[in-house]
Amino acid sequence: MTVSPDNAMTTTDGKAQDHIVKLEDIHLSFGQTQVLKGVNLTVNKGDAVSIIGPSGSGKSTLLRCINALAMPQRGRITVNGTRVDQLTKESERIELRKRVGIVFQQYNLFPHLTVLDNIVLPPTKILGVNRAAAEKLARELLDKVRLSDKANSYPGQLSGGQQQRVAIARALAMKPELVLFDEVTSALDPETVGEVLQVIRDLVRDGMTSILVTHEMRFAEEISDTVVFTENGLIVDHGSPEQIFHTSTNPRIRQFVGGLGARGTVRDGEGI
Amino acid sequence: MQDSSILNTFIAMMDRIGLNYEFLATGYEATIWRDGFITTLYLIALLIPVSLVAGLVFAACLTSGRPFLSAPVRGFVEITRNTPTLVQLMFSFLVLNTFVSNLVGGAQNNPLTPFFWVVAVVGLHIAALHAEAMRAGIEAVPSSMVEAARGMGFSQWQILRHVELPLAFRASLPAIVNNLINLVKLTTVGNAIAVSEITYASIMVWTQRDNVVSLMIVILVFFSAINIVVARLGIWVERKLAVPGYGL
Amino acid sequence: MTATTMTSGPKKQHLTRSLAFVALPLVILIWALTDLSLGRTLVEWIPYLASGFMMNILISLLAMTFGTVIGAIFGILELAPYRLVRYPVVAYVQIFRNAPHLVLIFATTYIFPFEIVIAGNYLPFPDWVKAVIGLAIPASAYVAEITRGAIQSIPTTQWEAAQGLGFSRWQALRYIILPQCVRRSLPPWMNLFSSITMATALASLVGVHELLHAATDASTAVRRIDFTIIAYIVVMAAFFALCYPISRLTRRLERRFNAA
């Protein structure tokens, strides 16, 4: 796993063939607002990478770039051999999105479908999987997120944490090569945060490549192989959780981690 | 005959309370009147699907994001909403129909009847109202939900088909039912171009019999009954589609 | 890319909206100017058409005035605690809300006499007044529903809060409840206004000299197909010029009230 701040592209471990995601010099602005100002990031297969940093630092936009929901004006994005920045046709982007799962802050389950149908719909409609196979997989995934008994409920009948777990199962139903998590616990009640984090923790342990934008510092420290600190559209620093959370000499990181650390501890401690 | 004796008793009873239904005992006027009801019901039965299908097409154009589709439909929607349907009908019948007649070489060759023009004008007018309701429903679908679907790999069309339309239809159903009630009432404009729906048939009867009040009572009850049925059907569909825990 | 579509969207909409205001008059003007003989005939008939349109406006304003007053009273009566009061009013509202406007115009035109006797004086009862009544009836039924809905939408806690502050029942109604009712019922009332205004064209079918009737008269007199077309476009433009601003304003108010 290698993360390179700014323009210095280096591969310290020399396992270039294992890169599943590689961002090089990504620039993106919405109108006059520069959101990403030259981001470099490399993620290895099977790793969990947490992106932390203050609000408005471009974390969510970064994730959207990997999934082609946002297109950078400059820079190269490679996802498992696909040059994402060169996908101009919607059909090509759809091909990419089939391989890259994304889970959002606002679970965004389809309210008119049952939990089971929410998970069955994407593989049947997008991948053309037959209904029986999709349903079998959906039930396995529901089991995995511990919601087997809710298969026939509607999203509106579930708590936020339960809905978010269904949303994760829905993303997994596409059998993605990696999953992006965009502040998936930020909209949840504190008491349901733990159950969602537990599902992600299991996923990471099973070796699913995961990139998380999160405010849960304790959680990021626990599960990540690498932590990335972003601010003002740039990656300020990256390293092992130990480096970022405990031994960093960067005053901004120390301030940020110190300020949020207490909250992270409290929320994590009671949730699990 | 059992039938006619019941009818005669009815006429006699109504006569006692001052209502005149004598024409029902005559073959000719009774037939005209009955056919008037049938024509109105036929118009309604035809117009409901026509307006819904055209409304869906209009809504698809309005939300397509392509100006060459949305701009003409938007223009049509604004004009039809803000001008009297009767004027639209007169214009279509007197102007467009004349054009068609000239095109096919004389009115005798023109296949378009007044009935057609009522269906076309009222159908498209109500379709425009449906389209507005559906458009509002589609726009009410949270953009984050659409983004999530896109992020999963749904195409634009699949998002419309599986996410936006099912939600938009539920949200716009009350407005659509309201439009259908207006549709039922609007069928009467056919009167202006001699489509023999119920008001036209009634005029034929009451000019002979001078029994306006008697006929009017039946007509009012008739329209109330149809609209109660339409409203009930709407509520039934709404319940059928209701999603637990989702307040649409 | 989201940002760019968001900024260009409203601007474009604004343009099409402004275009909608002038589109029909522009068609009329350009056509009348390119064919001057047509233009001259149209100018000759404009005063006649205008007098017709005045009748539409008169019928509409009167029908809405009566309809609003009677409807507001009926709306309150619909909530009366006595069945004897409530049921007849509810029946009236149900029947006349579901009745086609044209049927009601026919009803008033053919049922009422052409003159009435008051204290031995014969007063004419012209058709346009009958049309006013024919449209005031459905208007009152609609206003009753709007009023009832508005009153019911005010939460009872508002009454309690007002009385808790020491307002009398009348003061609470006058200063707290009614202003909220008016706010909520304004958009549907304006929709009704626009709908009744367009329904005044139906009066032409019972021989009232209004705009559509005037246009038909004019086109029969002139006997030119191009004049017939332009006359009907003028009719549409006139109604559009009246109703489009109302519906624009209604949508703006709806948006603002929904946001609040």
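Annotations for the structure displayed:
Letters are used for the chains, namely A, B and C, taken in the order the chains are written, and counting of residues starts over at 1 for each.
Just so it is clear, contacts are C-beta pairs under 8 Å (C-beta built on N, C-alpha and C of every residue); 3 or more make two chains touch, one makes a residue touch a chain.
As the structure is a prediction and not an experimental result, all values here were calculated from the model.
The central chain of the assembly on a C-alpha centroid basis is B. Using CA-based centroids throughout, the chain positioned farthest away from subunit A is C. Among all pairs of chains, B-C has the largest number of C-beta pairs in contact. Per-chain CA centroids place subunit A at a distance of 50 Å from subunit B. Subunit A and subunit C have centres, each the mean of its CA atoms, that are 55 Å apart. Inter-chain centre distance (subunit B to subunit C, centres taken as mean C-alpha positions): 20 Å.
Subunit C contributes residues 12, 16, 20, 23-24, 94-96, 98-103, 106-107, 110-111, 194, 198-202, 204-205, 212, 216, 219, 225, 228-229, 232-233, 235-236, 239-240, 243-244, 247 to its touches with subunit B in the complex. By the touch criterion stated above, subunit A contacts subunit B in their complex at residues 67, 69, 90-91, 94-95, 97-98, 101-102, 104, 106, 108, 110-112, 121-122, 125-126, 153-158, 167, 170-171, 174. Residue ranges of subunit B in contact with subunit C, taken from their complex: 67, 71, 74-75, 78-79, 81-88, 90-91, 94-95, 98, 181, 184-189, 191-192, 199, 202-203, 206, 212-213, 216, 219-221, 223-224, 226-228. Subunit B contributes residues 142, 144-145, 147-156, 158, 162-163, 166-167, 170, 241, 243-248 to its touches with subunit A in the complex.
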